[in-house]
Amino acid sequence: MVEQNQQQSLLGRAFVYSALVLGAVYFLIPLFVMLITSVKTLDDIRTGSLISWPDQITFEAWSAAWTSACIGVDCGGLKGYFWNSISMVVPAVAISTLIGAFNGYVLTKWRFRGSDIFFAMLLIGCFIPFQVVLLPMARTLGFLGLAGTIPGLILVHVIYGLAFTTLFFRNFYVSVPDELVKAARIDGAGFFTIFFRILLPISGPIIVVSVIWQFTQIWNDFLFGVVYSAGDKQPITVALNNLVNTSTGVKQYNVDMAAAIIAALPTLLVYFVAGKYFVRGLTAGSVKG
Amino acid sequence: MSGLKIDNIQKRFGDVHVLKGIDIEIDEGDFLILVGPSGCGKSTLLHMIAGLESVTSGTISIGQRDVTHLNPKDRDIAMVFQSYALYPNMTVRQNISFGLSIRKVPESEQEEIVQRVAEMLQIGPLLDRKPSQLSGGQRQRVAMGRALARKPSIFLFDEPLSNLDAKLRVEMRTEIKELHNRLGTTMVYVTHDQIEAMTLGQRIAIMKDGVIQQFGSPQEIYDEPVNQFVAGFIGSPSMNFIPCPVVKQDNQLSIELDNETGKFYLPIDGKNAELESWVGKTIILGLRPEKITHDIASHADNQGIHRANCRVGIVEPTGPDTLVFIELNNTKTVCRVDPSEAKNTGENIDLMFDLTKAVFFEPETGERVC
Amino acid sequence: MSTSTDKRNWGDLVQAMLPKIVVAPTFVATLIFIYGFILWNAYLSFTKSRLLPRYDWAGTQQYERLFANERWWVAAENLVIFGGLFIIFCLIIGIFLAILLDQRIRAEGALRTIYLYPMALSFIVTGTAWKWILNPGLGLERLMREWGFENFTFDWLVNSEMAIYTVVIAGVWQSSGFVMALFLAGLRGIDDSIIKAAQVDGASLPRIYRSIIIPSLRPVFFSAIIILSHIAIKSFDLVMALTGGGPGYASDLPATFMYSFAFTRGQLGIGAASAMMMLCAVAAIIVPYLYSELRSTRRG
């Protein structure tokens, strides 16, 4: 009887593990295919198959993707667009996180009449399909003289990221006891002193969550990028899409794959370094608090 | 000189009337306890004294100064919180000196004060630790230290001991009392624990539903509760409340009690005038457990002492005393008996009823009759 | 003397106003850039705007044109197909993996990392990768033929009947790890003593999952479905990268429809009207959800 149970559980374990490994293979294969395709020559691609090992490993496609691939009529590779994304992401993440932190602080520790309604209004902002603001925003950016510029994109990403950053910080500060703020008030600290000297020093984890979330969202964004940017000011996702869909000349699949990996590299790096915080952002941002 | 004066304070949160006109005045150096069940408004009142909660109407004065609309920092107060509220990112030293540095006290003076406080509370070795490295009792001390760093005109305590285990709680209770004796500063202390209230307080305000039920010294409140709520809230085990008919027995005003062993009558002396009109009606007799004891021969002839033989229900030994439960008029009644005299469940026991401290309440309203 | 108290009162007033001053920019931005813009867009959808916005009232003309447009109905039908399959497969794979991972697995951390990394990718990257894998000439088809399935054909990317299903494949690959993370968090949140109690009562493991654990994950199901349908309705990048809405407009979704009418075909009015329809679709899902969430938190 005991033996039978053991056998059964051994069989069960075997099933569990093989299913899990199969799952891992399923998720990893596209990445594997991208990687090996990116180091193959075009001939190799035509003669081999998706998962066949490259005859010879070459990084030509990578350097082409970075410096010389044609995106539309411009053949300068992804390099410039990569920096576009960086110079868009950094300020947008910093500004939206800082404002979100202040909002969360006020919404939990300095609540006023109507602050809950304000939060609810903001929260709905997480859910609207952005298509509904695309046209008015396009007009507004044009009016502000920011159409097709990186500052324009920064503005858009800050505005539509605030709902999330505020949500993160609000949910974090809700769990910080109010008595801490009360004690500080009795000690004579004011609004900013309490924020900078008491709350911000303990906000490390949620700052990381917010920064990572905003970073991946903004880096990966395509919709705002494709609508509000033009020419050589486009972010990398738009450039990648243009590169892949450029129909002139021979289709260079190896360059496409290298370009895709380059575009994915920053967020992947962040994910592998700080995955824990990334998952926290995902669940906090979507399950709501 | 008045230490704290609370004049007709009201508080509303929207439609909810939390405090319905509170009046308290204590002398400088007094130890005031605000006690009551949760939701009675005691913490709200304390937060209003601290300035952390706005006042709907009425005035609060500390010393001779009207502070009703002042900010917490301008009220010259210090406060110890239930969760201690230590700043988690600062060391113990920084926690204690934070308020001083905000008030721009020179560094050398800050250090002096930190040393003095640390010595007083014996937390010197902890000064460079973070709160997360401290035990509950140590955190409690640091929280007190933070309050002591400044010399405020009033200390506020918001259930400071409720997160400690039972043994530590008793120790810290004593220390707080010593501290009060040493400093002589006015203190206001909120608790839901009636033992803390009794042991610490010089003046106790018992609150319920946003109203002060009774305000007085611990002994006054224990001996002369104004209503059934106060009588039941203070004292452990609680006072017995036995509904009993008032009768004329042998021309003597008496109450009728019924135990499984049979009916018996206890004459009421000295309260005839007030109870005359109750003959034929039922009144609530309030009698503390220690007033129903085993038979002590030497007390036999004292005024107001009466005997009865009762059937023993549950028996709970506590060590110094044994609590014996009996049924009187279908009401479970606790008697405090010497362990050596206690009987077992189902046996009969001779009990001595001391009615000199008995109190009587209206059955409907719970108000004191006499 | 009086001036000093005046000054302090003024300082107090500023202190008291600070919280509101600090959130004011966000409040104003929310009011204008979310609610104001929704109204603006709504207004646009009732005008004759084509290439440029015009503000003369045209009634429901744009909606009539929208509903008469065959492409819109293709997009709507695709949304139903894509949304339905996307949600179902993500849930199945996600829950399955979560339950397996919950069996005190060695290397759980590594596996979780692998399952979830696609969420860190841009849909454009995902689309590019799958576009290559599903390539009718050189991709999966070639691989299978090499493996001996001579007649294997896989031309979904260029087959207008099947193109939308390639979007499902790539979408599921990207998002099912996320569902796994949601459910794993839910599983870990279940009180251990309940499970122990069930074991003491003699319930078998599958039985415990069926009768106790899965039912107690109802809120997680709820959230997962809401989020997935939200992703589905907003899906834009994936289609753009994978099929570009093609062949023709066979794999259009409302989001790509809106983009192409509003920004490439100079039909602002129809674009605005289709955006309003998308908003309504999201609202139909989100509003009841938020309502029940808020009610339950208020009760709790």
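Each chain gets a letter, A, B and C, in the order it is written, and its residues are counted from 1.
Just so we're on the same page, contacts are C-beta pairs under 8 Å (C-beta built on N, C-alpha and C of every residue); 3 or more make two chains touch, one makes a residue touch a chain.
These numbers were taken from a predicted model, which means no experiment stands behind them.
Top contact pair of chains, counted by C-beta pairs, is A-C. Taking the CA centroid of chain C as reference, the farthest chain centroid is that of B. Work out the mean CA point of chain A and of chain C, and you get 14 Å between them. In terms of their C-alpha centroids, the spacing between chain A and chain B amounts to 57 Å. Listed for chain B are residues 71, each touching two or more other chains.
Looking at chain C, one finds that residues 15 touch two or more other chains.
Contacts from chain C toward chain A in the complex involve residues 15, 18-20, 22-23, 25-27, 29-31, 33-38, 40-41, 44, 53, 93, 96-97, 100-101, 103, 105, 111, 113-133, 135, 138-140, 142-143, 146, 173, 177-178, 181-182, 185, 223, 227, 230, 233-234, 236-237, 240-241, 244, 254-255, 258-259, 262-263, 268, 271-272, 274-276, 278-279, 281-282, 286, 290, 293-294.
Residues 47, 50-52, 71-73, 77-79, 81-83, 85, 87-89, 98-99, 102-103, 146, 158 of chain B are the ones touching chain A in the complex.
Within the complex formed with chain C, the residues of chain A that make contact are 13, 16-17, 19-20, 23-24, 26-28, 30-31, 33-34, 37, 45-46, 49-51, 99, 102-103, 105-107, 110, 112, 115, 118, 120-125, 127-137, 139, 159-160, 162-163, 166, 190-192, 216, 219-223, 226-227, 237, 240-241, 244-245, 253, 256-257, 259-261, 263-264, 267-268, 270-272, 275, 278-279, 282-283, 286-288.
On chain A, the positions that touch chain B within their shared complex are 177, 179-180, 182-189, 193, 197-198, 201-202.
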